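Two complexes, one shared chain (chain A), two partners (chain B, chain C).
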Partner chain A sequence: MAKILRVDMSELSVTVQHLPSDAHPTGGRRFTSGLVAREVPPLCHPLGPANKLVFAPGWLGGTGAPCSGRLSVGAKSPLTGTIKESNAGGNGANALARLGIAGIVVEGAPPDGRLRLLRLGPESARLEEADDLRGLGNYDTVARLQERSSGAISCVSIGPAGEMKLAAAGIAVTDEEMRPTRYAGRGGMGAVMGSKGLKAIVVDNEHGERPASANLPAFREASARFARSLRAHAVTGQALPTYGTNVLANILNEAGAYPTRNFSAGQFEGVSAISGETQRDTIIARGGVPTHACHKGCTIRCSRIYHDANGEYLTKGPEYETIWAHGADCGIDDLDAIARMDRLDDDLGLDTIEMGATIGVAMAAGVIPFGDAEGAIRLLEEVRAGSPLGRIIGSGAEAAGKVFGVVNVPVVKGQAIPAYDPRAVKGIGVTYATSTMGADHTAGYAVAQNILSVGGEVDPLKPDGQAALSRTLQIATALIDSTGLCLFVAFAVLDDPEAFPAIVDMTNAHLGLALDAEALTALGAEVLRAEREFNTRAGFGPQHDRLPAFFAEEPLPPHNVVFDVPAEELDAVHGS
Partner chain B sequence: MAKILRVDMSELSVTVQHLPSDAHPTGGRRFTSGLVAREVPPLCHPLGPANKLVFAPGWLGGTGAPCSGRLSVGAKSPLTGTIKESNAGGNGANALARLGIAGIVVEGAPPDGRLRLLRLGPESARLEEADDLRGLGNYDTVARLQERSSGAISCVSIGPAGEMKLAAAGIAVTDEEMRPTRYAGRGGMGAVMGSKGLKAIVVDNEHGERPASANLPAFREASARFARSLRAHAVTGQALPTYGTNVLANILNEAGAYPTRNFSAGQFEGVSAISGETQRDTIIARGGVPTHACHKGCTIRCSRIYHDANGEYLTKGPEYETIWAHGADCGIDDLDAIARMDRLDDDLGLDTIEMGATIGVAMAAGVIPFGDAEGAIRLLEEVRAGSPLGRIIGSGAEAAGKVFGVVNVPVVKGQAIPAYDPRAVKGIGVTYATSTMGADHTAGYAVAQNILSVGGEVDPLKPDGQAALSRTLQIATALIDSTGLCLFVAFAVLDDPEAFPAIVDMTNAHLGLALDAEALTALGAEVLRAEREFNTRAGFGPQHDRLPAFFAEEPLPPHNVVFDVPAEELDAVHGS
Partner chain C sequence: MPSMGPDLTVTVKLFATLRGIAPEGANPNGFPMTLPAGSTVRDLAERLGIPPADWKATFRNHVRCAHADALQEGDVVAFIPPIAGG
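Here is the complex of A and B:
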């Protein structure tokens, strides 16, 4: 029977609870958001002892289901003040699921301000002193954790940014090569972990067992069907494995929706130097890895390994949003500089999207000029130094905008808007505005229908139909984020009528349930509802489901469009 | 007939409108809040061109009514995001009223980013280039404005903090000695002025005329009656003229409600060194002025002039809240150091309350230790330098708390809680929570009944009756802030049944109206309602009418009380 670990950092104790069997299906975002909504006071300070940090694999975590290794991390966010679920790839979720752990709830705050780590094995769960790791980046942290562990482990850790409780701090999860490159980046979950005095979770990755499926043959059959669907789709079977997520750079730039220099234009003249095609060529020429799985059991394999000019490992292949954030949004067209920033973000424990957007805001304020790659790298080094400037940068775009007196600050509910300009991709604009998470492209990825012609076509430049589109996607996403499946499976789900039934069948066969597609979808809606209720009690209302005013006022070249989805339609997204 | 000046900083034009005669009685807060509520989009960026900065004397401004020289300044606040009215003493309001100016509305934003000043005379109102004043403190600014003016002027100006658009920037108004010591300090009105590119308003203080009263004999009779009432009351007739506002230091400390070291205790061991009694002795010993009127026509005369140890002018006598903020809240018991900080705040153009509270938060974060007076002064010098650290400090307590990762940040709606701990003065806690302005003691000064036995007695340590008390006071305050009368007249109004009728009679006699007391009070309620409606449309709801969680959780020594006024009672303050 699956376990829930209650880790009390005030008492320095770990208590094991059993997940009630009638809770199923639960996992991932359904688990984290449900727990946060039930147990965290909505008006508490996110860095105070009343907040809870929750980790959960999805309900398919640890099984052989393709791409089922996402780890959800939830809490009240210090960046947004809303509820937050941020999920990561890497091997952490599967390692937890194989130890029978459905969730970890980290509560309280350490009385002595010291750092500790949580070590998890097949029969054990204990806190260990870890103050000697203070100030270490995630790369050194993982190296030290490997030295003091016997056998294979997975690590979930924070860098100096999380220790400093900076609102843009994320949580790193190790990949197949034991590099801390997979991220629950958004919403400052790393700062919450820092406020709990928890430097890392070290998970035995050797002695666990695959969770038993109620009907293994049926599960295997459905899994195989799902894998076939993923392989057959042009995005998950070809584009992503070939070019990774950065295949989008040229596409979004062509669409005039590639936010450039702090959202002042929709096309970047330097895009070809930082595109997915250029990135692939560069990786291959330097002996890197152009197609790579971020966790065991991933069949899409969109991640990559990026080498420097000397052919030495530098970082994982930076994702589309990272390359946009540190690239076009800052007017930087130097792929190696962007990769160095990706490495710095991973090591310091920072969200790459928030960092790029924040540096873009700092550039708009004149702190450094647009296009200054070395200056941008210096700003990240300031974070490591913990200087006032570094702390401003590490606190995210909204805080930097306030401190530097900038008007055009691209955030919703305090979280930076990512790599798709909402004026030219209006469906994603609706998601940014109305998501329970603040601006978050992964909460309802309307780019699929607006730009990629996946799941139908909705004109990205017109307001019509965007609200209904976003609503459907937000519900589906809340469900997928609960299964533990990577959101990228949605491309297949949107186009292939066989894909979603395969998810339903995998769920039923694994858990011994008999849900239909409608019941499963209803769970997604229920997760969203619980999140919305938390946010309402935390003080968020319709006026917060809006984009910053400049998106409605300043036309975006080249299409010279503004964001014009009416407020009533935004309000109807989560309405009846 | 009174004029409204529309100053368009985008077009660099000044347009004169006539105040409709059926608008009366209007002035002060009723004018500024009404205009902001009607014309400013509630979701605009406070530093963007859509915000409007509004100046207005009260409807008794420029007359011989005692203490009627307050200048209201309104806008959407960059500190709180709410509507804001902040009012100041000094001679500015009377000078405007004597030129027949009922209000100034500054709109738009300069296309070229240059600084300008608005020069106002009996027949003229024009914008002048002022980029040569860039970076000057308020003291030097006023000196330069005097050099380039013929005859007596009053100045309304911003320092470097306002130019930098820092959220804690205030607006200075000159006093009788042409010193920029009177402040519309709270809520970042100086940043809004900076965003408009307006360095100063220079008002002819020589050629204006006293506004005609409809019935001058009746007005004079009522004014004399009102002056007698002010002289007869123990607070306005004795305590304030003798010791100034800092008479409160020992009183609040005795009450265990004097917030010490970032609100971690209610008594400060160093209080005697910074009390009103010590301040008076120090001022007298050094040849300063212990009793002084901040504007012509003030009969209370609570301001002072503070000399340094060499007998040279240093600053105005710092007010109670300033001495608390830079003193007890930072663990500093050095009156001269506090006076130097007051001078720095006035010169840089910063709100003293927000600055002290922010430095207290920085001390809680370990940036400098509690009690480090020279360190605190260095932090203010960082603001002048415009360094990242200075910008953090100048952005106020909430921003500093976020950047430095502090949990106990004493703010409501982003504005620092002033010098009365809400756990031990629960009535003022209700005002902090529910005011339309964020934490603001002047919005409903329940300290009167809770601590001073003025206007009755309500036990400060019990939750009972505080909500009703705060409600009544908030309505009365909105009215007084509209008349142009100094809020300190409320002490007399609360105790002397003759005082309020005198205000009614002055209003009617001056404006030729026939309102009764009830009708006038209804105007106060109407102002509050307009402000609340603006805030609602700006995204503020019941959840924002709360104190930070730690006030309900961490008992305050010595009484070991928490803030326990129930949420329902807070919600009922502005309810039906």
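Here is the complex of A and C:
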């Protein structure tokens, strides 16, 4: 029977509970958001002892189902003040699931302010002193944790930004090469972990066992069917493995929706220098790895390994969002400088989207000029130093905008808007406005239908149909995020009628259930409802489901469009 | 099919997996092509030899367009294979 670990940082104790058998299907976002909604006082301070930090693999975690290794992290967010679910790849989720762990709930706050780590093995779960790791970046932290461990491990850790409880701090998860490159980046989950005095979770990645399936032959058959679907789809079988996520740079730029210089234009003249095509050519020329799985069992393999000009490892291949944030949004067209910033973000433990957007706001204020790559790197080094300027930058775009008196601050509910301008991709604008998470492209990825013609077509420049599209996608996403599957499987699911039934069949065969597709989809809606209710009790209402005013007032070149989805349509997304 | 009249020249962009079909020496991020007047987006795709399975979307002057749309002198036409990310 799967375990829930209650880690009380006030008492420095670990208690094991058993997941009730009637709790299924639960896992991932359904587990983390459900627990936060039930147990965290919505009006608590996110960095106080009443908040709870929750980790969970999906219900398919550890089973070997293709792409099922996402780790869900939940809490009340110090960045947004809302409920937050942020999920990451890497090997952490599968390692937890193979130890029979359905969830970890970190509660309270340390009485002495010291740092500790949580060490998990097949039969053990204990807190260890870790104050000697204070101030270390994630790379050095993982190296030290490997030195003091025997056998294969997976690490979930925070850097100095999390220790400083900065609102843009994320949580790193190690990849196949034991590098801290996969991130639960968004919403300041690293700051919550820092507030608990928890520097890292070290998970035995050697002695666990695959969780037992109720009907293993049926599970294997459905899993093989799902793998075939992923391999056959042009996006999950070819485009993502070949180019990775940054293949989008040229496309969004062509569509006039690539936010440039703090969302002042929709096209960046330097895009070809930072495109996915250029990134792939650069990686191959330097002996990097152009196609790489971020966790064992991923069949899509969209991650990459990026080398510097000397052919030495620098960082993982920065993702589309990262390259946009540190690139076009800051007017920077130097791929190597962007890769250095990606490495710094990973080491310091910062969300790359929030950091790029924040530096873009600082540039708009004249702190440094647009295009100043070395200046941007210096701002990140200020975060490491913990200087007042560094702490402002590490607190995110909204905080920086207030400090520097910037009007055009691209955030919703305090979280930076990602790499699609909502004026020229109106469907994703609806998701930014109405998601339970603040601005989050992954919460309902309408870019697929608005721009990429995947899963249908909805005109990106018109308001019609965007609210209904976003609603459907937000529900489906909440479900996918609960299974533990990577959201990228959705590209196949949207187009291939065989793919979703395979997910239903894997779920039923593994858990011994008999749900139909409709019942499973209803779980996604239920997750959203619980999150929404938490946010309501935390003080959020329809007036917060809006984009910043400048998106409705300042036309975006080259289309010269504004965001004009009516407020009543935004309010109807969640039926309220 | 193309009608009578002077030829028209457009700028073609080929992204991702379509890069490889750019003519020898042409920059896939933008190269000129001349077609008979009245040519459509589909005519251009056929001239380039884009396999139908590798052609998902098209942007003409940064706006999504239909295969049957007639081209105009000076158009910028970008062909997009099946891709996604984010």
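Quick notes
Rule of thumb we're sticking to: the second predicted complex is superposed on the first by the 575 of 576 C-alpha atoms of A that agree within 3 Å, B and C clash if a C-alpha of one lies under 4 Å from a C-alpha of the other, contacts with A are read in each partner's own complex, and residues count from 1 in each chain.
To be clear about the criterion, a contact is a pair of C-beta atoms (placed from the backbone, for glycine too) under 8 Å apart; a residue touches a chain by one contact, two chains touch by 3 or more.
Source: prediction; values computed, not measured.
After overlaying the two complexes on the shared chain, residue contacts for A:M164 are found with chain B alone; chain C is out of touch. By the touch criterion defined above, A:L515 lies against neither chain B nor chain C after alignment on the C-alpha atoms of chain A.
Shared-chain residue A:S395: touches chain B; no touch with chain C. Of the two partner chains placed by superposition, only chain C is touched by A:S453; chain B is not. Applying the stated contact rule after C-alpha superposition, one finds that A:V289 touches neither chain B nor chain C. After overlaying the two complexes on the shared chain, residue contacts for A:I251 are found with chain C alone; chain B is out of touch.
Once the two complexes are laid over each other on the shared chain, residue contacts for A:L240 go to chain C alone; chain B is not touched. Using the contact criterion defined above for the overlaid structures, shared-chain residue A:H45 touches chain B, although it does not reach chain C. When the two complexes are superposed on chain A, none of the residues of chain A touches both chain B and chain C. Contact residues of chain A toward chain C in the complex are 233-235, 238-240, 242-248, 250-251, 254-256, 267, 272, 276-277, 302, 319-321, 419, 441-442, 445, 447-448, 451-454, 457, 459-461, 488, 491, 558-559. Note for the complex: chain B touches chain A at residues 41-45, 47-48, 50, 78, 164-167, 191, 194-195, 387-389, 391-392, 395, 399, 402-405, 407, 409, 537-539, 541, 543-544, 546, 548-550. Contacts from chain C toward chain A in the complex involve residues 13, 15-17, 19, 28-29, 53-54, 56-57, 59, 62-64, 78, 80-86.
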